[in-house]
Amino acid sequence: MMLECTNRELLIYTISRLLAGARHVAVGMSSPMPAAGAMLRRALNKKQGREDVQVSILGSIRHNSFTGGSEELFECAAQGRIDAFFLGGGQIDGKGNVNLVGAGGYPNSEVRWPGSYGSAYLYFLVPRVILFREEHSPRVLVDQVDFISAPGVSEKGVYRRGGPHALLTSAALFSFQRDVGRFRLESVHPGRSAHEIREMTGFSFDNDGCEVQTPGPDAATLALMRNQIRTELAETYPQFAASLPEAA
Amino acid sequence: MTEGLTADGAANGSWNMTDFVSPETMVQMIPSGIKLGLAPDGAGSCPAMIRLLIERGIRDLHVVCTPIGGMQIDMLIGAGAVAVLETSAISLGETGGAPCFARAIRNGELRMLDGTCPAVFAGLTAAAKGVPFMPIRGIIGSDLLKNRPDWKVTANPFDESEKIVVVSAIQPDISLIHAPEADRFGNVRLGRRREIMLLAHASKKTFVTVERISETSLLDDEKLAAGVLPAMYVSAVAEYRNAAWPTGLYTEYDLDAREVENYARAARSPEGFRAYMTGTRSAA
Amino acid sequence: MTEGLTADGAANGSWNMTDFVSPETMVQMIPSGIKLGLAPDGAGSCPAMIRLLIERGIRDLHVVCTPIGGMQIDMLIGAGAVAVLETSAISLGETGGAPCFARAIRNGELRMLDGTCPAVFAGLTAAAKGVPFMPIRGIIGSDLLKNRPDWKVTANPFDESEKIVVVSAIQPDISLIHAPEADRFGNVRLGRRREIMLLAHASKKTFVTVERISETSLLDDEKLAAGVLPAMYVSAVAEYRNAAWPTGLYTEYDLDAREVENYARAARSPEGFRAYMTGTRSAA
Amino acid sequence: MMLECTNRELLIYTISRLLAGARHVAVGMSSPMPAAGAMLRRALNKKQGREDVQVSILGSIRHNSFTGGSEELFECAAQGRIDAFFLGGGQIDGKGNVNLVGAGGYPNSEVRWPGSYGSAYLYFLVPRVILFREEHSPRVLVDQVDFISAPGVSEKGVYRRGGPHALLTSAALFSFQRDVGRFRLESVHPGRSAHEIREMTGFSFDNDGCEVQTPGPDAATLALMRNQIRTELAETYPQFAASLPEAA
């Protein structure tokens, strides 16, 4: 049964689906939607009697069991103890390259973003990196990024056990095909068409006539989101949690 | 003692007992032109000292962020004090982009050494361990590499088929951090902010402002000890309450988000930035 | 979910929540033939578990000492359980040389990987950081180098005129340590014994025996947190009081020097060693 | 004024002289005499209003301010924060090489000692390494060690800012001349002659007709040793402290 849910709820639910099987999910700072998706995955697994999911939210004290400073996330990833992580980016291109540095020249970029953070490392070492960016436009999803903070694929001779797994926007869900280094449209969110997605995307991708609609949560899951997850989220992201629908 | 036994091996002067000074004196101990290590906002940042440095007219700094920077770095940039910036990112967190930073980049007013968090840590680790470089996985294929003469792609000596990046040691001349507490012996409580411990180990000297000074040794409490930076790394301590405002201090007080927003709004223009810096003092 | 989104990136199974087991069950979880990481006497050593392993007939171990070993290693050697020994030193401290170790060396009964303390740490650090090697200064000109195929002399990539040693990563399959306390969530208090933290980070799995189990989270106490090994590194915990006897446990109880002397005297001969092992149980 | 003192007191006093100017002295485990010498240096400096001396005694909780585990000593040395350290050795040869591993073949040594510990590293990085071994015999002071745990000198291209500074035994004091890689006899302890030292030493050394006698402590220093130092030492080395003369 498909329910009415907001676009953000659809995204949170989709993130939780993308995290199926992951046992340790790390979430970067200022990432309320990925955090919500990871918390939902944890709650769903618990309900279904499946494996425990550890969620490490950077910048949080309560939802973060690291004791070795901010360096520990990277060591932990290198040790294979982190299954999934999220990256955004000012630009993402069709080869899975991400740009967190700037647009219009380097080093004197016309538009400068904060910088690469840990992307140039975690993209290589975390098995499942989920690219998450709400804005779906040719400005963000470009044919070729202006600056490669972290490359989508690597040549032989470069140690790489991680990389892009999926790209989720407010309009669609793509998988990343590592063998060919290209995105594949997996589903289109309710209210959008494959044609629109092609128009809104600056790179070419496979399965571009996709007619699958991104599924939303069932009633029980939606209730879980509007009660427990909303409450859990409020500890770290009070403003964001307040912006989500509350259970009736 | 004969000459043969006094001529060599004398202490090299890089190491001293901890001095206890005022914030004003500490500022005088930080010269222009050095490599300065700084903490991320909320985990050891010290905007109050940065203001004093700016008022003193500090210039030509090579700033190393551990591994990212926030409002205090943006203020230094806005004041024209930064010649080289080595960091993984600069932002005002929830508030958004760092305005003086973006402007300086656009205008080519500083030399940017863009990095990635674990590479900054690897460089600091190399300095802390006294090795000239550290290997690090990842990075290959990133454009970061093109602009880092201090990074190289080499072969793994135990498997020539693997390419791997090596990064040079990063040794700040001085690191300046704010912490909850020091004791009278110069030991400083950092808790689980281990990246600040690493920064201090890597730096030639570390200056610390603190919220309070304990009369009893922090090392006497075995519960605390693992999170204490020993005095041998601490060149000077100054008591300076609320010196992390408005960026906050881990386990002590939160970010003052409204004030950071005031800053972000003002600093959109050079004039606004200057007005903010002269107009605002501190919450203390 | 479509195939493209489930086929790759599944959790690799190397990481699990902490199991709470009995010492006897924990012993069954440590197979022969593995690379086993162990702590120095008095700082995480667990002779009681070593006895159980010996009774079970464990064999063919590659033992990694962090970075030195004592009585518990000598016992494993005396029992013929060690095929490869990687360490900077083995001794019984004040009591003197390790008798089974000296005998096994003389008789060529084990493969010796002699190291030096910081090189052991460098190898463990490489594993903890997920790099294949680490550079380390010193060592060149030492005969240690001749016998370590896993060490190499290379050039500093940033200064070809400098020769420098690189050592391979050391990743134990399992590390077995004793600690004062764990909590019900699997977090373990190590305090300032940071080398044990490093060992756990470097190892695929870490098994911990503890003096006691806390019902409240050790991470809730910010004072303690910096010295706590988080549960994600801890595969199993067993409560086992006094399991460090007679080697002692840092901040908990001292070495029983008389008992170590009894051991040293007995272990001078293989017969004496066997008699000691069957005759002595524990102080508990 | 020269006083009656025991041989051990002479050695402790001599160690304190060798540490003049050092500000951080690290002492290995089970090294009561070096610890006593370092404590005496600290006390003398305090009395004379000279620089503070930090003494780090490994294995001690009270006299050890490291908080980073046993690794920290090595990092600290590499950072240049340790001025002096002590090494012993089953064999020490005339080129300053030390052997802590074993005699009679390797790896299956007939006589096996514990192992190299940190010697292969600290010998390169600590400016002033004091070789200390009470036994002065051709068995210990050999022409050439059977196994080099750590070499006395290094070729060009090897980073080295530390190394042997002096060799102190129960019979004599040598300096190490880094330029020529040889020991030089600096003084002979009371009751010994240069001739005896030559007989007791398995390697050749410079100034082998040395007629300088190793000076002992003055009355005030001896009193300091028999009161304060003895008490300080007892915290870490109770048995050793009890074996030293007590103030009348």
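Annotations
Note that the chains are named A, B, C and D in the order they appear, and that numbering of residues resets to 1 at the start of each chain.
Basically, a contact is a pair of C-beta atoms (placed from the backbone, for glycine too) under 8 Å apart; a residue touches a chain by one contact, two chains touch by 3 or more.
Just so we're clear, the structure is a prediction, and the values are computed from it rather than from any experiment.
Shared contact partners of chain A and chain C, listed by label: B. Taking C-D and B-D together, the pair of chains sharing more C-beta contacts is C-D.
Averaged C-alpha coordinates give centres for chain B and chain C that are 35 Å from one another. A separation of 30 Å divides the Cα centre of chain C from that of chain D. Work out the mean CA point of chain A and of chain D, and you get 59 Å between them.
With centres set at the average Cα position, the gap from chain B to chain D is 38 Å. For chain D, the set of residues touching two or more other chains reads 66-68, 74, 78, 125. Counting partners per residue, chain B has 129-131, 136-137, 162, 164, 192, 194, 197, 225-227, 251 as the residues that reach two or more other chains. Of all possible chain pairs, the ones that touch are A-B, A-C, B-C, B-D, C-D. Residues 40, 43, 67-68, 87-91, 93-94, 97-98, 101-102, 105-108, 111-112, 114-119, 121, 136-144, 147, 161-164, 192-198, 251 of chain B are the ones that touch chain A when the two sit in their complex.
Here chain B touches chain C in the complex through residues 122, 129-137, 150, 152, 154, 156-159, 162, 164, 166, 168, 190-192, 194, 221-227, 251, going by the rule given at the top. Of all the residues in chain A, the ones that touch chain C in their complex are 17-18, 20-24, 52, 54, 65-68, 74-81, 83-84, 125, 127-128, 162, 165-166, 173, 175, 177-178, 184, 186-187, 212. Listed in rising order, the residues of chain C touching chain A in the complex are 1-2, 4-6, 8-12, 14-17, 127-131, 187, 197, 201, 219, 225-233. Interface residues of chain A, counted against chain B in their complex, comprise 29-30, 61, 66-72, 74, 78, 100-102, 106-125, 147-151, 154-155, 157-159.
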